[in-house]
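Below are two complexes that have subunit A in common, paired first with subunit B and then with subunit C.
Showing the complex of A and B:
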């Protein structure tokens, strides 16, 4: 088992490095940030001094070398815009996004297992047909539009929920509701499909024949085996969840990592962008390891 | 499968039939919309500013309301269809062709090339596609061609993985070995023996992917990294209307609804197509029956 996880971890590490290289050179292509940060009437000498101070005058490969050496020393550069260590800004924003993503994922998993199992129990039944229509709609809803319609209904018209910001419990409802829609629909579909095949398996018939209660057969015997594919898809959804978080954080004005990254791209704040991407990629990397671990716990064939 | 039979089968599934009709209307608008309604969509009418929806006093074009310049929302939606549908369609075709080709190569190669391709796919997969697209578009500029390329790249992994998995299985079959023994080149085997078997699966994925890509394009437009004004897309219209959400809800609502309905219709039709094309499933048998009838 440890060999399997080690190999998977190594692969992800290579992917992580490739990503860092890619983003470093891509962001450098957007141009020299000096002109963006210096005032219009700054003299050439002042511009030169600014560029030299932040290392924008060095050749790209030198900049990249310095970047790698600094990473090894856990120095991720300073944000030009905010005037403080870039990693500090990224780590401040990340927990906000993480909490949003975690709550959404837990809710999506729980609800999809419930809805998917019930739909699989009688395929083609009324509940199943309603559920599958809902899952198709959820995979087809633009999240940014749903956020705006949510604000329109619950904030502007009814006045029940705040339009943006963080703070109280009420601030969480709309963002989580919007973020939940996509993964919930997809996971419900996966649960339903794998539950239908699990419920048709011989061991389920055996369990029924020996008189195990229906509920136990569905939620214990069949579900345990269905969870394998559900966990895989849930893992793939983690990256997609960050996509959603970018949009949701933009609409609701959340101080999360998605918002920070969009700002960093527009401000050419390279250090912050790289720090954010590093944090996000490491988080996804850790989660993949967790998923592999869960996988090997659930499926004894992988442990060997 | 004759076209008329497919149509007869489509008539039997009411939801899929309605979805197909809706999509035909949208595609027709995408093709001729800007020529028919381009003038109406850009006409500024200061006497008809901020008209609410469902008001027919100013003429049919103001049925869905108008913006702060008095431009008709309905006409702008009809004109915006071309960019929205065109970009999504272009991306799907591009990722289908390129991803399919790369995947077939990866499946046929027995050396390091296949491994490198699989690892590169993992890199693309392991990172939020929207963020990569935002960075790349910021670098390259938001030209429609760039948007198509970027969206296609983010969807490549799906096609590469599927094509490779299919090829790995097909290449071990007897007819491929036979062709190889008879001296067929790798290229000939790929074109004559592999592609015809892989293509149907890839086409179904492409159909299912269309809605996803359209939503991604809309999200890019919404975040300001898609098509730029004065061009219109539905995502851009939602973004522009956001500032007026307190006073003119219709500016954001209708274009967003157009996106959602189109995506639902595309997904419904794609699922119908998947069932109808699969001979092992009940609907497929019906299709076969219809073909023989």
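Showing the complex of A and C:
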């Protein structure tokens, strides 16, 4: 097992290095940030001086060399717009996104397992049909629309919840609600489908024949076997969330990493962009290792 | 609102009472202000940036002079009097009995330190780059509250420029940006919870009148709908940059000239735009009245030049080109008869999310040009791409283009617009006209009425003789203000929000 994790870690490290190289060159392809930083009325001389001072006039290989040397020293550069270390900005934003993603995924997984299993219990029954309708519509609702409508209904018209921002328990409800809708719909569908096929498998018949209680058959025997595909899809959804719940962060004013990354791209604030990508990439690699670990716990065949 | 809605509301109101107590409601003499984005920095030397200025300018750090937004006149602030000794030398009297928030006195020495920091090339301060490029400024202290300022070249508008000079406390780090600015203003910078809010608190030892607002919390939301909703729900008191479609309540939503002016820069050197008749046709083909109140707000003012009325050098005698499609066609016909390839494809360069309805605006312009018989192709750009085309060097083999541009100048003087945009050496200028260059050069070193007249002549030359652009509109912004406050946005609102001017009803 530890050999397996070590191997996966090694692979991840190589991929991470490749990503850092790619991000460096791709971001430089967009041009240099001088014109975006300098006021519109700055003279050409001032622009030249700025670009030279920040190294944007150096040949690309020189810039790349400096970049590599600095990374080796764990120096990820300064944000030219914020005038402070880029990593500081990225690490400030990431926990916000991580918290949103974690809570959303825990709720989505828990609820989808419950709803999906109950729906699969009697496919075609009333509960199944209602659940299917709701989950299909929620999986296809645009989150941007949902967020704005949510604010207009719950904050402006009803006055129950704050429109946006952070601080109290109530501030979490709308953002989490909006974020939850899509993964919940999708995961419920996946749970339902794999449960239906698991419940039709011969081992379930055997378990039933042995006289195991029906609830135990569904929630233990079948569920465990159908979790593999659920975890795959959940991992995919979680990765998307960790990359920044951009719409929710934007609408509700949550200062997460998605927002920061988009601002960095627009401003060509390369150091911030690199720091953000590095942070999210590491998080996703860690998550993948966790998912592999979960696979191996659930399916002894993978442990090899 | 229907009967069932109001029933629902009543039922909801009860349930809401318990919840609302937990979500901050604006009340008392504390105000909450919603910006459209978080400031990147809060250093005094960046106060000319709109997001920074709205928080700290004149609240935390004050300037030496300020511009009256109504008249464009220079008013005293930390400097009470100024006089010119010779073309390169000015003397300032400084306000007495002024203290920084950290207790140190404001005097000549403090100003000297502040100037040295502002012009420190190790920092990329916008105020230096924007207003003091190429200038060296030598401050000598004549007395506790009197200084002499010497510059390397004559600066006739120094008092105007001093309205941009913020004065942070001498304890501010010289070579590094401050995230906790200390100034002389009516508010101290209390805290900045990154990503969340900035809080200012009233400074009780302020030299001026005691403001009504005791503390201000700044938050930021990118969505206009959300900003408007925050004032509607009572969570905030002032919301900036409300989109026209969200400014639905005439009791709380105020439009104001936001100092921005929209134009199309005509690519004058390139065929067929090098022909003046084609450029005139481009102006006659636009139905400005038709755009007003539809795609543009009803409150915009048709423009004739890039500076707004009230700016020194604005020429009030210029008239917008009338909408005359027949004349446009006639001019093009004449040009074509003389061999000008007027059907050649012209690229209209727009920019995504430039201003509300900017996409629709360029589509409408394209349609109007097509109707006049021109072959105009739309090209939408992202902001970074747009900036690349804004500045020299321009591509050699480029297609002739009309470039959607927007410019704001709140300094009160035309010089900060006209050189960059129209002088042959200006970074964004496509013009190369000796007479215009000469007018601009002379205006830049002139003072008083002569200066005003020279700038006015320059704008006349651009608008009538050269037809260097298609001036569109002086734009408006919308601000939503909670009914419990007395606050009217002005031309200055884009760059500052003086909390001391906000009253509570």
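Points worth noting:
The rule we apply is simple: the second predicted complex is superposed on the first by the 273 of 304 C-alpha atoms of A that agree within 3 Å, B and C clash if a C-alpha of one lies under 4 Å from a C-alpha of the other, contacts with A are read in each partner's own complex, and residues count from 1 in each chain.
Going forward, a residue touches a chain if its C-beta (ideal position, glycine included) is under 8 Å from a C-beta of that chain, and two chains touch if they have at least 3 such contacts.
The shown structure was predicted, so the numbers you read here are calculated from the model rather than taken from an experiment.
Of the two partner chains, both subunit B and subunit C are touched by A:148. When the shared chain is aligned, no partner comes close enough to touch A:199: not subunit B, not subunit C. With both structures placed on the common chain, the touch criterion links A:42 to subunit C but leaves subunit B unconnected. By the document's definition of touching, neither partner reaches A:272: not subunit B, not subunit C.
By the document's definition of touching, of the two partners only subunit B reaches A:280; subunit C does not. Using the contact criterion defined above for the overlaid structures, shared-chain residue A:156 touches subunit B and also reaches subunit C. When both complexes are overlaid on chain A, the residue A:165 reaches subunit C alone and has no touch with subunit B. Legend: residue contacts after superposition of the two complexes on their common chain; A:139 is shown touching subunit B, with no touch to subunit C. Once the two complexes are overlaid on the shared chain, A:250 sits against subunit B and subunit C alike. In the three-chain superposition model, subunit A touches both subunit B and subunit C at residues 30, 148, 151-152, 156, 250-251, 266. Subunit B meets subunit A in the complex at residues 119-120, 122-123, 125-131, 134-136, 138-139, 211-212, 215, 218-219, 222-223, 235, 238-239, 241-242, 245-246, 249, 252-253, 256-257, 259-260, 263-264, 266-268, 271. Interface of subunit C with subunit A (complex): residues 9, 12-13, 15-16, 19-20, 22-24, 37-38, 40-41, 43, 48, 121, 123-124, 126, 129-130, 133-134, 176-177, 179, 194-196, 219-223, 225-226, 229-230, 232-233, 235, 382-384, 387-388, 390-392, 407, 416-417, 419-420, 427-428.
Those residues of subunit A that touch subunit B in the shared complex are 11-12, 14-16, 18-19, 22-23, 26-27, 29-30, 136-137, 139-146, 148-149, 151-152, 156, 236, 239-240, 242-243, 246-247, 250-251, 258, 261-262, 265-266, 273, 277, 280-281, 284-285, 288. Taken in their complex, subunit A has these residues touching subunit C: 30-31, 35-47, 49-50, 53, 79-84, 89, 92-93, 96, 148, 151-152, 155-171, 250-255, 259, 263, 266, 268.
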